[in-house]
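Chain naming follows the written order as A, B, C and D, and within any one chain the residues start at number 1.
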Amino acid sequence: MSEREPGFTPNEMMTIAASRALKNEDVCFVGIGAPSAACNVARLTHAPDITLIYESGTIGTAPQVLPLSIGDGELCDTAVTTVSVPEMFRYWLQGGRISIGFLGAAQLDKFGNINTTVIGDYLHPKTRLPGGGGAPEIATSSKEIYITMAQSKRGMVETIDFYTSFGHGEGGDHRKRLGIETSGPTLLITDLAIWKPDLDTKEFTVVSLHPGVSRAEVQATCGWTVKFTDALEETPAPTALELKTLRDLQARTKAAHAGTGKEKAA
Amino acid sequence: MVKFLPLSEAVAGNLNDGDTVAFEGFTHLIPTAAAHEAIRQGFGELTLIRMTPDLVYDQMIGMGMARKIVFSYLGNPGVGLLRRARDAIENGFPRPIEVEEHSHAGMANAYEAGAAGLPCAMFRGYRGAGLAAVNPNIKTVSCPFTGEVLAAVPAIRPDVTFIHAQKADRKGNVLVEGIIGIQKEAVLAAKRAVVTVEEVVDSFDELHPNLTVLPSWTISAISVVPGGSHPSYTHGYYIRDNAAYLEWDEISADREKFQAWMQANVIEKTAADFAARVEHLRTAA
Amino acid sequence: MVKFLPLSEAVAGNLNDGDTVAFEGFTHLIPTAAAHEAIRQGFGELTLIRMTPDLVYDQMIGMGMARKIVFSYLGNPGVGLLRRARDAIENGFPRPIEVEEHSHAGMANAYEAGAAGLPCAMFRGYRGAGLAAVNPNIKTVSCPFTGEVLAAVPAIRPDVTFIHAQKADRKGNVLVEGIIGIQKEAVLAAKRAVVTVEEVVDSFDELHPNLTVLPSWTISAISVVPGGSHPSYTHGYYIRDNAAYLEWDEISADREKFQAWMQANVIEKTAADFAARVEHLRTAA
Amino acid sequence: MSEREPGFTPNEMMTIAASRALKNEDVCFVGIGAPSAACNVARLTHAPDITLIYESGTIGTAPQVLPLSIGDGELCDTAVTTVSVPEMFRYWLQGGRISIGFLGAAQLDKFGNINTTVIGDYLHPKTRLPGGGGAPEIATSSKEIYITMAQSKRGMVETIDFYTSFGHGEGGDHRKRLGIETSGPTLLITDLAIWKPDLDTKEFTVVSLHPGVSRAEVQATCGWTVKFTDALEETPAPTALELKTLRDLQARTKAAHAGTGKEKAA
């Protein structure tokens, strides 16, 4: 057993659980809103050679601080190469070179379909969200999709308002019926649990509860009726190394970005 | 042939009411100074094209200059929503605005097709995505060899594209480096192109041959505007003003605060004011 | 993951009889050493793909290794015709060979589509050109927005691509610079890729960020072969051996002379012999 | 009148006449087999800012010596920028940025159609030539096409064996009928004369004879019945500067390429 740290937040657990899912050989497309913290913790711990790609064109980046946007200079400075945006989407994403597309979500349903476009009707939205960015094609061109988000009844809903990116649609073989050959969402990591799609129905099912989290808590923060696997596990708590790596990364990030200051009054 | 002009002349000579215009930049190298000059000159009925509209389009929309926006990510990068754009879309304030929404892949391929002189782009996209149902400019073509159905979008061909770049040489060739985004395609796809640069150097003779250089004859006008991409950044010159992006979230949340800020920071200012804004952000090069 | 291997092992491990293979290079960086190793190992029934087949394909065809060739310019660059290829096409010697002929635009777009994971490429091409009538792999698609009829060709997806490049770093990333041609696309379009390089350096940390670097995980094997592109050239290392191209015109004109030359200069040699061939062509770098 | 040089060869006259047709603002695509000598003489005399593009990806080159192939290092060393071959054909040629496409020909007909593919039947050729390279799309995407070749009955024929690149087809509005919007061949410069297409029929018509050349000589080296314009002119002889520029360029080229030598015997 590795050494455990007694105190950690649900968000830290989420980021660290996500980082553990990434392998050294992965080529990871870190899309808008995705936790690049998880990808970089993986790179700084068990997956030093993981390839991180940001849609701004930076391939094989190793940022010392977390970028605030997908186009920060730090990503370019530490990349193996930086290519144009059309090349990124044509050769690298559509070319089938991405093993893991890592997406966040404003609204998520139990089949891994994601909405980051609008709350309400598309033409007359209640809230206009930023939209999909790279997500529609990340969701279908990456070999697998990992999703990470903090649980809430507003975020995890029975029916999303808009299909920004396609997960398993109505479940089952819906992807295949649309001619999509990639696996789609294979992992959901929240601040409370780890979820995987049922092999047949493709409905996200809780396979592991984070330490100290109850089934009731998971259900209370989710808008659909949650299924739990029979062989429910407990997520190993963050190790001291994992927590230190994440916290150091966030501290470095905060220090670096504080340095920019705001425009001085004229 | 390219002309070196003050920014006010470059904008006045290349932008018209009703134009389809792209101010491009992918987080890096956003042509803020050019956009502010366009705001000062008060153009209207513009169709604004950009993958990541960002603060400058939030400002133009807030000032009522746009009749339509074509985009793929309508956010304040690293912060959240664009509140003036939201107000226009959700409430029709200060005027209703038409929306044409794509994915990044759709926009990138459409610019590429524009640069390549094609009428449309073809790619594997929008499968299962809601945009295909709400955007009539997303159609399909079938591969004549495999029968695979692929997405098609019309090429983007702006009347004029504005970009910011690191430097020009005296002949008017322009170097873009770092995160190069979609800028080359946006320039080559456009009828006219205006570039603001940090500086002019004697020659590019010592540059590596494979860098992104736009030959002088692909550009209409160049204006030297140090700091011209603030609060975005220019790789090798100054870093991003992250605080300004956070601050924008507050300013843009309120209609009056927005107007006051625009008056003080755009209307009453000139392109020459950008240099001072990046002084504290300059990197040790 | 990429492996650093002696060229003989890299070729043996990645090329098979019957493969569709591209040895790419556009005048610059032609992977001659890799092609000669393939000749020594005696592969057969190959489909050879290349925009500009050049001397190495003339040699493979003359040795009877190819059942088909896909190309857009079948010449000895700067000299004239390829005489072994002519003998195969005109006289079926040493064996008949199938021909699939495109334009440069057709091949370039087909490689690009291969790199982009598309089943076919679409472009404005072949209008009024005779190739459209003799090559069944030239079809059309219609733009769903304008109705314009465009040319379509299938994507090129080689089983294996061989290229020559300037250098690799210790992690196996590869730098290609100068006239970069179609090499990046040829590598990304292929199932496997083998790269010969002039040298291995510790790191690419100091390289400009926008150069053409192929990440290590896009490559199957790297072999260090100084001089490996002779009689072509490697920008920054040695210049083109123009005399060898002229000489080839004589050698290849005669079936026996060809066989004797191949025996002496390819079959009885190894990759290690290339370094000496460029000694007098090295540039003061 | 500029100073004239008494002695010059028909080939020199051809190259210099071709160079004069190029303007300082032209963006010239120098294709396989085309006389880059003409383009570079223009650049070194009256058109210093002419943009020369070779299909290897070199844009705005200014070579000190003539390249032996379209991919010589000299072209890259002196270029404003060097791009990939797909970009060259997509953004620069197909993008409509080329004002003059400069082609040579093995076989040419009177409508500017060119064959560099085969002599004889395509499937069973008498002579397999190199093929088109970039020519099929240069011929249709460049705003205008200039052709240059030495006259011969074998080269200038009534009917070409293969349409490598399309000129004016069967003449008249044939280009327009195929949906080709560019002008096609507007100039033919041989070692004996300057030709332009008739406005209606598009048949190449001699508009200027080089100094000392007779109508009979032009007809004797041409496989079709030659038409001459009513207002036939005489091509001004090369000036001393033009001849010196061309000869110096060729001398520099010879010296540079002689230096490479051949592989030493082992």
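To be clear about the criterion, contacts are C-beta pairs under 8 Å (C-beta built on N, C-alpha and C of every residue); 3 or more make two chains touch, one makes a residue touch a chain.
These numbers were taken from a predicted model, which means no experiment stands behind them.
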item	value
Where chain A and chain D overlap in contact partners, by chain label	B, C
Of C-D and B-D, whichever chain pair has more C-beta contact pairs	C-D
Between chain D and chain C, distance of the C-alpha-averaged centres to the nearest whole Å	28
Approximate Å spacing (C-alpha centroids) for the pair chain A, chain C	40
Interface hub residues of chain B, defined as touching at least two other chains	112, 116-118, 123-124, 148, 178, 180, 184-185, 209-212
Residues within chain A bordering two or more other chains	76, 82-83, 90, 94, 141
Chain contact topology (line, ring, star, complete or other)	other
Touching chain combinations (by label order)	A-B, A-C, B-C, B-D, C-D
Sites on chain D touched by chain C in the complex	32, 55-58, 67-73, 75-76, 82-86, 88-90, 93-94, 117, 122-123, 125-137, 139-141, 162-166, 169, 174-175, 178-180, 257, 260-264, 266
Interface residues, chain C side, partner chain B - complex	116-120, 122-124, 137, 139-146, 148, 150, 152, 154, 177-178, 180, 208-212
Interface residues, chain B side, partner chain A - complex	26-28, 51-52, 71-75, 77-78, 80-82, 85-86, 89-90, 101, 103-106, 108-109, 111-112, 123-131, 134, 148-149, 178-182, 184-185, 212, 230-231, 233, 235, 239-245, 247, 273, 276-277, 280-281
Residues of chain B defined as touching chain D within the complex	1, 112, 115-118, 173, 184-185, 188, 204, 209-213, 215, 217-218
Touching residues (chain side chain A, partner chain C) in the complex	25, 27, 51, 59-60, 76-77, 79-83, 90-91, 94-97, 141
